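Naming follows writing order (A, B, C and D), and every chain is counted from residue 1.
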């Protein structure tokens, strides 16, 4: 208990922290204020990436056992919601960086070649821990993303890629969720009947829409046919695997159905936290996607179509990753399978009872 | 089913909506673009106030019965979180209004006398439905807030004041929550023991703090003594009522204890949604508080210490309401009673069991 | 002077305003709170669109004469910065709308067919007034955007398309700006020399970059060659017109050069406001682009790959317009032509003098 | 030119940067994820404070000479607007920190005693460089703010206090601005006449306002009388100094008048950048004020009325500084002196000419 009193600057290691900004411009002349900004914004990003990794590791640990206690799900949601808050902050950092003009950036950017943000091993690890499918990862002129990393950074990113990802663990957890068949009732059959009614209505909407001409109607009918095929795949394991092979799905069949069940019956008490967990995963994905897109816009505004310092065509690479590096696109796809609340089949009382609490919060 | 096709502009009543902007400046000369902005920002506020009232009414309805089903709590949280999102938007609208300069505002503000934002019957109703204590409501130079309202608006605001508020209904709901005493275990005793240890530690921190001189130590000791008195009141119904009479508490004793219990044991599955509900109420309160404060800053920047159009000294009134018109200050006060997670007494297995689900989400 | 006292609710036409929300769900059952949200968010959008149009009209009027006084430019920048502030608010409104779930939206969205946000005549007019090139505008399954509008709305959008746009007027204003040739000095020659040095350095960066393999180097060299061709077009009116014919440029040659000059020499007092005007135009463009993109993400999350109420495949249309409906892409392209500040040719004293003030702010 | 290729992680000193997080909780058990968050958010603050100091120093340097060239003002505005952008980011960081609950914070906060955010020497230096009047600075239980700092930090903060501040330099620059008297025309007389008319109108508004009863009217008349006294002080150097002695003004008389002139005639080309400079100073002030206030709300939510780790009553200290530590309150006060644009006396042609450019942007 006889600890020394803690001093703010020592606790935060400020003397060292505030000495880590060494502008390259300072090596060939006077250090530029704008390069300090450039360094500090990137150092702030890396500090936040470290925190994101801490949160993701906490979630990974939590999901590592054979069972997940309900009382822990709230904590996992908390970790993911913190990541979402951090992605919002990352977005706000772009607003600060945009106070730098191209005239000023160009004065030191050549000094940075060939360094590049692609080389952030922490960011690559974040993508890997979330579960970015290596097959969908963008290459850099055909080269693997690790080709630009130092041996240590490469090892680090690869370790994250080799370890189980949140996507994989969430898949396993979803696949274990009970309730989809219970006492004679089956979720698939019940849902299928409701879905058929919806698709019929969808077809009517297309047929009746006075705004559609023949071309538009054809396009819509093709889209509906494609949706129907996707719907069929829900009920046919082989068809589902075919979608997976084409890269249109990443979750396992069983996990996808469980995620759908959770989304549809989120109001059941026991499904509330599972639902919030899935929603938080989507929010994390959307947070990074939005950041990548805004980042691309900013780079385009800063250097135009010039070559990036890392040797790629800058903003086009970034813009492409915004779309491609989504991890939980299956969860976003679930919205296609939603039903109107009033058309949602009521659960049998036995199932509903099983999804409730032992006691009641307001029991008198 | 034979409905007419819906047209965007008809659905939104755009021809009427877009004709409701009649600048006073247009009556004495050319209408000013900045007065259009002034009208539109206030109309947008009133549209959003209408939505806030819809959400609050949904919560009030939900809490009107003798019992609240767990499966409904998630929906109430959703209503309140939407209100929070709307308060953020209200904040963003200030950024737009701040693009107007004082030079331009002054050109038409005299034409608006004696109209004033105080006269928003919807905003007064929001405060009343949330449960603003009429005793703490600011008067306007000693006059009641309704004295500025038209008869219809007065009736409306008073109806909202007379009807049960969310604060009153949440109080009743909290007071009904079971679990605080169960099978020989009592929350009060268990918590009191843990709290004593914390207060002892708190006193040590003050005694040992090398940064405190005699004056500072005295101030801190007085603060701690006051906290101790508040803590004592937790366990003494009469002392608690005394605090209530002084206006330092608004919730009933039983409700306050239940709110404390929920905050401390929020990880228990059955308490998760009740916790989120209390948190959402605080977020609503903080949202309106922050908005009032920023609003006050903006007015101060726009008209300085001039007389407001409604005849009050503008920003000082607004700044005072930011502090005074908080509704759920008791919930904020709970943070004083929190314990470190590691010092939180473990619930007996019987109680913990009672707080869990009938089945398990990941049961194999 | 004998005006009636103004009352808040009358001034804002609140009785009418607050009666304009008629949910379709209310015609077939109980009106849904979420449909109120849907209506109110769209009504708020239309109110803000009205304000955007007021600001754009003020800019258009300002630029309509043969000359623009310097003392007016600040005012135009103010109008555009207000539009930027409004686009930020539009973004924040998406956060509120996202509190609605697909389950709840689907309960009333079929009732809205075939209405659609494409039918916002005000938004089409904003695009037209900004100067969206009709050739780049997205069609809806091959049909013209006006095909979905009522006769009045069609007339309105077409009038905005037929009238001079901000892009056209800014082009004419830029083309008139003097200073590009003055007393023997010519901007083109001076800039060209500096640019050649930069391109040579750019080629070295590619040649020396140790991170590039043969493929990457080839890609970069092709990009540089393309940039060189674009640079050449700066100095060759025919080549520039060829780019324009291909749709790669929209500004006139003379205007493009003037915009480049302003961006490079923005620190000269007389060019400061012209620079801020161009920057504000880019901010407006980026504001709408970001909003369209986030809107697309939200729709994708809400309805998945379903058919939109208006009969398009919803989010894909929106995502495509985010890219395609940019109006001032030429100004963004200028960043490709920037020089490092230290490589910027100094203006001859005679030109610099001409760009300054008659007196000095701090003249003693 | 033979520089080594730059590597991302080396450039940003990542191996060191990412090793500077040493939770105290790790010394007495397992390090807590929430303490990492606590450290990282504070380290990020300190990084941004460093950047703020860089920007403020650039402004201080720029204002150090006997004259400030117009072409430099734009640059100073840029520095200050970057500071504003950073204050917005600081606000966003609170959102991230608020994802930590009191339960979790309390688990390590005792370990931090007596460290405190008051000990941020960089933040104290920011306040000092801006020009916080030492007389208005809050004491900590009567002790000077430097009493909590280490000798090095104390020296640093005191050096910033001893050096000329931005407030002082801006004051000197404003006091030198010409144009207030020119060729027989005097700003004071011209303004005074317009002001009298406005005050007369103000008195009428109070007299005629049907919403005011006797008490309200009395309050308003007292406020108007006080404003009148302030107005008189504008034209009476001794009365102005009396206000200054009372701490109601900090700028010199001459500087205050110049700031008023600039605010009123901001549309004149030569006054545009001076106006934006003053506006940016207010934005900086408002940015820090808003941050302090939100910070206070957050602390109140986190620890309630407990003693802060630094030995103060936490949020009350912070809330008080939000109000008291404003530096440019005089500039905010200017809004009281604004006139309606239509009542603004037109400048004589000779003065207006002197405020214009040698040439015209659209000449020709």
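Note that in this section a residue touches a chain if its C-beta (ideal position, glycine included) is under 8 Å from a C-beta of that chain, and two chains touch if they have at least 3 such contacts.
What you are looking at is a predicted structure, and each value in this text was computed from that prediction instead of being measured.
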Practice problem: Work out the mean Cα position per chain and let me know which chain is farthest from chain C. | Solution: B
Quiz item: Which of the two pairs, A-C or A-B, is linked by more C-beta contacts?
Solution: A-C
Self-check item: Distance from chain C to chain A - Cα centre to Cα centre, in angstrom
Solution: 29
Quiz item: Just how far, in Å, is the C-alpha centre of chain C from the one of chain B?
Solution: 39
Quiz item: So how far apart, in whole Å, are chain A and chain B when each is placed at the average of its C-alpha atoms?
Solution: 32
Quiz prompt | Set of chain C residues in contact with two or more other chains | solution = 5, 113-114, 116, 210-211
Self-check item: Residue ranges of chain C in contact with chain D within the complex
Solution: 5, 67-75, 173, 176-179, 210-211, 266-274, 353-364
Exercise. Using the touch rule from the top, collect the residues of chain A that touch chain C in their complex.
Key: 102-104, 106-107, 110, 113-114, 116, 140-143, 148, 201-202, 205-206, 208-213, 215-216, 219-220, 223-224, 226-227, 230, 264, 282, 286, 289-290, 293-294, 297, 300-307, 310-313, 332-344
Quiz item: What does chain B use to touch chain C in their complex?
Solution: 3, 5-9, 11-14, 16-18, 20-22, 24, 27, 33, 36-37, 39-40, 42-44, 46-48, 50-51, 54-55, 58, 78-79, 81-82, 85-86, 88-89, 92-93, 95-96, 98-99, 111-117, 119-122, 150, 153
